[in-house]
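Working notes for the structure below.
Per-chain numbering from 1; labels A, B, C, D, E and F assigned in written order.
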Amino acid sequence: MTRYAMLGEIMMRLKAPGFERLFQTPTLEVTMAGAEANVAVGLGRFDEDVSFITALPKNELGDTVRDELRKHGVDISKTVFQEGRLGLYFVETGANHRPIKVVYDRADSCIAKVDPSAFDWKELLADRDWFHITGITPAISETAMRCTLDAMKTAKEMGLTVSCDLNLRAALWQYGVKHIDVYRQMMEYVDVLVGNEGHFESCLGLSARVAENDIHDNPSAYRPMADEVFAKWPNIQKIAITVRRTVSADHQSTAAILATRDEMWISPIFEIKDIVDRIGGGDAFTTGFLYALDKHGVCQKTIDFAGAAGAMKHSIPGDFLRATEAEIQALADGAAGRDQR
Amino acid sequence: MTRYAMLGEIMMRLKAPGFERLFQTPTLEVTMAGAEANVAVGLGRFDEDVSFITALPKNELGDTVRDELRKHGVDISKTVFQEGRLGLYFVETGANHRPIKVVYDRADSCIAKVDPSAFDWKELLADRDWFHITGITPAISETAMRCTLDAMKTAKEMGLTVSCDLNLRAALWQYGVKHIDVYRQMMEYVDVLVGNEGHFESCLGLSARVAENDIHDNPSAYRPMADEVFAKWPNIQKIAITVRRTVSADHQSTAAILATRDEMWISPIFEIKDIVDRIGGGDAFTTGFLYALDKHGVCQKTIDFAGAAGAMKHSIPGDFLRATEAEIQALADGAAGRDQR
Amino acid sequence: MTRYAMLGEIMMRLKAPGFERLFQTPTLEVTMAGAEANVAVGLGRFDEDVSFITALPKNELGDTVRDELRKHGVDISKTVFQEGRLGLYFVETGANHRPIKVVYDRADSCIAKVDPSAFDWKELLADRDWFHITGITPAISETAMRCTLDAMKTAKEMGLTVSCDLNLRAALWQYGVKHIDVYRQMMEYVDVLVGNEGHFESCLGLSARVAENDIHDNPSAYRPMADEVFAKWPNIQKIAITVRRTVSADHQSTAAILATRDEMWISPIFEIKDIVDRIGGGDAFTTGFLYALDKHGVCQKTIDFAGAAGAMKHSIPGDFLRATEAEIQALADGAAGRDQR
Amino acid sequence: MTRYAMLGEIMMRLKAPGFERLFQTPTLEVTMAGAEANVAVGLGRFDEDVSFITALPKNELGDTVRDELRKHGVDISKTVFQEGRLGLYFVETGANHRPIKVVYDRADSCIAKVDPSAFDWKELLADRDWFHITGITPAISETAMRCTLDAMKTAKEMGLTVSCDLNLRAALWQYGVKHIDVYRQMMEYVDVLVGNEGHFESCLGLSARVAENDIHDNPSAYRPMADEVFAKWPNIQKIAITVRRTVSADHQSTAAILATRDEMWISPIFEIKDIVDRIGGGDAFTTGFLYALDKHGVCQKTIDFAGAAGAMKHSIPGDFLRATEAEIQALADGAAGRDQR
Amino acid sequence: MTRYAMLGEIMMRLKAPGFERLFQTPTLEVTMAGAEANVAVGLGRFDEDVSFITALPKNELGDTVRDELRKHGVDISKTVFQEGRLGLYFVETGANHRPIKVVYDRADSCIAKVDPSAFDWKELLADRDWFHITGITPAISETAMRCTLDAMKTAKEMGLTVSCDLNLRAALWQYGVKHIDVYRQMMEYVDVLVGNEGHFESCLGLSARVAENDIHDNPSAYRPMADEVFAKWPNIQKIAITVRRTVSADHQSTAAILATRDEMWISPIFEIKDIVDRIGGGDAFTTGFLYALDKHGVCQKTIDFAGAAGAMKHSIPGDFLRATEAEIQALADGAAGRDQR
Amino acid sequence: MTRYAMLGEIMMRLKAPGFERLFQTPTLEVTMAGAEANVAVGLGRFDEDVSFITALPKNELGDTVRDELRKHGVDISKTVFQEGRLGLYFVETGANHRPIKVVYDRADSCIAKVDPSAFDWKELLADRDWFHITGITPAISETAMRCTLDAMKTAKEMGLTVSCDLNLRAALWQYGVKHIDVYRQMMEYVDVLVGNEGHFESCLGLSARVAENDIHDNPSAYRPMADEVFAKWPNIQKIAITVRRTVSADHQSTAAILATRDEMWISPIFEIKDIVDRIGGGDAFTTGFLYALDKHGVCQKTIDFAGAAGAMKHSIPGDFLRATEAEIQALADGAAGRDQR
């Protein structure tokens, strides 16, 4: 069994009930959320061996995060507990013409202020086979960026597979470096890359683009995008590209492409008309992708499973992919919401 | 006024809130549910005279079921209370590509273990005009099957109209008989039959089938299905066939056909794009069908009302058809969700 | 800054949770609601200077209304507190084929029974620039009608701009006058008129009509309707006409037209497929219309903003337009529910 | 089995959650309540045969009351449905030094405006053995007072046992008669009287009083009070007197006395330190008293059961005595909150 | 009418439901809280003219605070909105042997980081008569301390009455000064001082102490404490001393003393056995004290009202004194939780 | 660090909200519960190494139990998953004179029907130091009794410390053996015994008893009880005896005694006047006892900590001891509900 490690921030997500606007009624729903943590939990629920590494405060909030991760089968023994605060975000669900609204209150969290020397990557990764990171962690702070690069470099040196999900939160990049410079450095250590159609340009500064709605009419339009990445970073072996078309806050369609240097596979388009919770959809895709890649290798079945995992998440409240492998496989195989009794 | 009697199991339904997965948050919503009980409650809410017959435990769960049935105007005086347990089921609502999930915990309920001699059908049916049963009750246990056949036979002998809603829960048939053999025995006593397009094959072993999506383009395609039933069981006089097309967990369309030996009427197609709760939709159809058949006889108005009742249920939380005759008639007459102030 | 005054009834709205039928579970959600109050709150949330004038009971219900209005920045200092009751209404959300249901319990409220002399309009309007009223207030009672006409007349005499939103609640007109007679009297004082395509006939007894679905194919079809109003009441300078097509309780499309004596502008059509709460949609349109008219004058931008405000409301629980000017402007400018992080 | 009939008002009770002040958060909890209805439901839950007679509105509120009464086994077939409104009351629970607060909105309810001729008492009471009324019903309106006296007089003439629970809501008496005059008229028809130590003076204008805290030290102090009633109304045969000492909104003690013309029995004192809901405590006492009087006759067991029923209610949310005979008997026999597993 | 101004921090308080431990179930209840804000709201609910001055973030959290303050009649026009965050605190209610637990997340809030020059005290206080502050505000940060002293000094110079509630949160004092030094500086500007029996020592470094439980047996024991303050700061004219005895998390008793240089008055002891929410109890006392002092002057009635206000708060969820003057006066006059119908 | 193993049943507990009666409103609160599981979770929350061994169903209910145990740091890897059902129980909180009510629905659970050979105790206990069991597990079924004795015997043979908490659920013993015979067999393997004052007689058939309320006046009265156990089972080395006095459903006092063959220590009496949730109080005591015994040995500190753990539980919703060691130690050291900020 592949043994995963992830580094990132996990926040407390405080959501207004139902379709209410923030603080419309005086209640908030508490869940946990974070790009890498979402992947860790998704894999944990598939009974994979996954360690989530972060820094958490020594208080009830940190303990609650610890409990939540253990609950989903994620190993938390490599995480550092220290004085400080937990990052928070407040969110309201969108509907129709009203988009989701997120208010971050994540500055100065433990992971943003952690001393990079708190993590001895040689030791932390000694029993691990795979390291996963996203483009959000290095955005948090300069020290978090330092931790990210240390971990990736060490993982690569130790022979772990390194995967990275590009993910740009432009508002977070506030410590005075250009995000493209950091992302390009990160790419040096990556084996498996995940990104949406816009990330290659916005994160990596590449030039290849795709016209809207091309995916099934003209999948080959995505080839130059992949080729440009492969050409620039010879270490990258596999790329997954996600494609999303937003109709309204309730309705979007998603699809994905798996590209190697030689081949390309395209998932079906998943039409999602009554979105329950779209946050974490990209992380769910990555969860399904890592899992299926490990189980099935590069093939149609893998991108179908990844696409189904991403689509399935849109029907589940919270950031986490609370679904079984069997449920996702059924969707990948063509089921569409029929009840089972 | 027609006086109805029904035999069946009523369970406690424990549902996760909103679109949550089961046990995602630590709350369950309690309602009551059961194929014949749903019909009894629907008729009770139309102010019909209906007795629901079952076996219930002598404890707070049995008392709660009793209270709930009385609340909706259903007579519960013919029900037996004894030691034992109430059947339960846990359920989460589906959404988009994620189907409804039901976890049954109904084994060994009072009604499954009841001694058939607990019911003196001659006496229980003495003041009744109509007996209704579904294909689920005989699946529960061998004794429940025995009760079913006793009741149907007695009802037939006493001159009651007997209706049966075919309804296959394959997972329940575990006491060692073939369900087709039981269903064929039941058919001997039936005057009015309800089933969906698949039931005639799966429950009764008949051969006529209908291609998908034929209903309005080619309604005559359903004729052979009805004819095969009429040919095999001369006692059956009226058949209602329901047709359902599932697009996603939120979206389906329904329609229905009423067939006599000579004629056939087809309801409009009801397009339901934002399903609130689909469980009990079939029972709501049967409720509307029995009610309208009694009130209007075999005619277009009857199948329209039945179809509207079934469609309306999809917009109401819980298994029960909590709607008035006027609301359903308005839908049957073509209203479509416009508000009334 | 324009200083608004409004006269009307504000009620307590008691709603069944989610999609439940009234009293299905024993909980009601409390918000406040009323045609003019909804506009007052919407403008208050845009930081406009707005006074809401009504009569409220001297008890916890009246105090709660006062608190709610202050909360949204509405001045309540001109309101009268007296013995009596607050109007209530009970409501359940519709879904699919099941329409919204409203049960009014508003008879004999303080505002229905208020003595017209309780309001000294000369004084109340002395520091105001604009007076707004709807067609509901004069329907409440004969004295409320008297207050309405007094206020409009005084406002007109004092040189305030007077706007009126036609709005017919036929069931309320029970004190023995013909609503058309009252509405025609009111029109004598109006500068800015708002109504939907049916109101001109039903409220004012005019003859011009528009065939369904004409709005973008043939906008000029609306010209005669406006012309008839302009011809009959020379004081009316601007008319906004809203157009609504209802597909189901969850789905409708809206658009609007702004007409002067010389020109006409048409908003985009807003397709709303997953309505959260449609009540107050018309009032939200009027809010946006008054605000934009004052800020931008008669132009395309104004009707687009008004249309967007009305559409946006359908995604927000409660009667109030809890949205910022920026959010509505973004929708008017073409955003469609994409999330912002 | 004794067959009871009761006349009175049943209201919808809208309560703030937990210990919140009214409208502190935007939710209300819905239950039903009314002095005679509380007794009817209590008896219905003991499986007694009880008819509740009132006038209810023909709308969702009236239907909900009907459903709630049926749920608890109360016959509602003698109730009149008509146009109008249901009485409401808003309530917040007290705590410590903060008392319960009730805001009535019950004016002009159906029962307040009902035409006395709507009730044909000869027919309504034909199959009944016992008629029960309280001092609240005649306070509602002049016509309600008329109905009360008609019903009592007819009941007496037909040989039913007539019981009356004195209960003064001074704020309700607004139609211009003196409540003492009405209560004295009512007394002419009463066989069994219930009242607290203050009612004999405040309702009936009698002179006997009892010093505080006398009950167990000096029970004979209550004898003159009973004697004065017995002397004035020879038809009255049994009196139950309840005694309450309030320490705080959470804490009170209760006890009761049963007096005949010859004898007197005193219940234990029930110390209630953590009151859950005190409303309906007096009605629960009356429920227990009527039930035990019928079952056990005049004896110690009867007043103990009645006292226990009243005390038990303080631990149950809502106005109704949701408890079994066995639970109350256990308390009457000396159990004190020990758990049973 | 006295016109008040207050400076301080207002936080969002996030509470676990009922008696649950933090994050035991995934819901938090949102209210607002802060020592001076609690007083401002209490006075606002008594219809006093009160301005609350702080710095709030320009986001949904800041807007929600603004709305909440306006709701209770507090003027918010003098408050500064800027980039930054709102202070938060998480709390669980205690019970029995388990104390309340508070987890602060208030570092780096807008008010902690505000530039003192953002407040032009001359202008802000120009239309005010009274300035109130607590010992918590200067603890937040050095700049907050600077604002506190600026405001007090200006207020004093402008002839406002200055009141101060001593209140030590030792954990907050982290910017490197001794709190006693700051508090002693503040005392130079104070007219009216509020503190509990321990504050004079812990905040001001005075030496007079009182043995436990002395208050009514030996009220003169408190005289030296007051005298020591009066001697040291000749500007201080009135002191209120609160006394609290904690039995358990549910049970405490409170009393208070009002001292001038010549006289002393003692409130009754309020025994609170079923505490609903003790947070804000001290601020409620101060609210009652400021209000009554202004209305009644130095006298027994004033300290009784203040004590009753503090006691009453313990029965109300949230930090705010949501009570009317009449309710508090009734308690001050000796009522004890009896219901009023 | 001591490594614990426990065998037992864990059930889903379904509780009515607040103080409601079962099914009064249609919501149930879900937690997990079981005598040994409660101890396992308590130790897990103290960061102890504890394995809980049981049989769970392969469905969402079994998965939820697994997640809940992991959440609290309990190892679940030794548990068996199989077809079958999870035991349930329904519960309502008591108040005042109304006791807690429990309705079990636990028959035929996985652990009741498990084949004893499913557990290879040699292997399961190989890495464990301590085995804990209660008197409930052998009551479940004959096979569960078999598993219990197998585990205890193996543990004893392998040199683990064996602890047993006597705990009689008379209603469960239905498979035809005398519980005293089973309990006496179990005693052969026990090192550390826990029981309340009644268990020694009811479970073990011993004769020594203690008069009520003796504990602090006359602690030596408990000596003969301990001596009788020590005399009969030479293997038993330590006994903890809990003493409980119930005043009402809200109020009880608890204390405990630790006895060795030579010495005896008595805890303080904990008076609990506002019980939040008493279920699991005994298991919390055992949790504290095992933990402190291991950490501090036989001494006063141990029995104080154990008593404090038991008392603390009464203030926490659910069966689990959700408290930190520090919180319990503070109570053991004399803190009494004072808040900490």
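Following the convention adopted for this analysis, a residue touches a chain if its C-beta (ideal position, glycine included) is under 8 Å from a C-beta of that chain, and two chains touch if they have at least 3 such contacts.
Quantities reported herein were computed from a predicted structural model and do not represent experimental measurements.
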Next item on the list: Would you kindly say which chain has the C-alpha centre located farthest from the C-alpha centre of subunit C?
Entry: F
Notebook entry, point to check: Rounded to the nearest whole Å, what is the centre-to-centre distance of subunit A and subunit B, using the mean of the C-alpha atoms as each centre?
Noted result: 45
Checklist line | Between subunit F and subunit C, distance of the C-alpha-averaged centres to the nearest whole Å | finding: 63
Next item on the list: Hunt down the residues of subunit C that sit against at least two other chains at once, touch-wise.
Entry: 18, 25-26, 29, 101, 273-274
Notebook entry, point to check: How is the touch graph of the chains shaped: line, ring, star, complete or other?
Noted result: complete
Notebook entry, point to check: Quick one: in the complex, what on subunit E touches subunit F?
Noted result: 18-21, 24-25, 94-102, 169, 171, 246-251, 273-274, 278
Margin query: For the complex, give me every residue of subunit D touching subunit A.
Written below: 25-26
Next item on the list: Within their complex, state which residues of subunit F touch subunit A.
Entry: 67-68, 70-73
Checklist line | Residue ranges of subunit D touching subunit C (in the complex, touch as defined) | finding: 14, 22-23, 26-31, 59-61, 64, 85-86, 88, 90, 101, 103, 105, 107-108
Next item on the list: In the complex, go through subunit F and note every residue touching subunit E.
Entry: 18, 29, 270, 272-276, 308, 311-312, 314-318, 322-323, 327, 331, 335-341
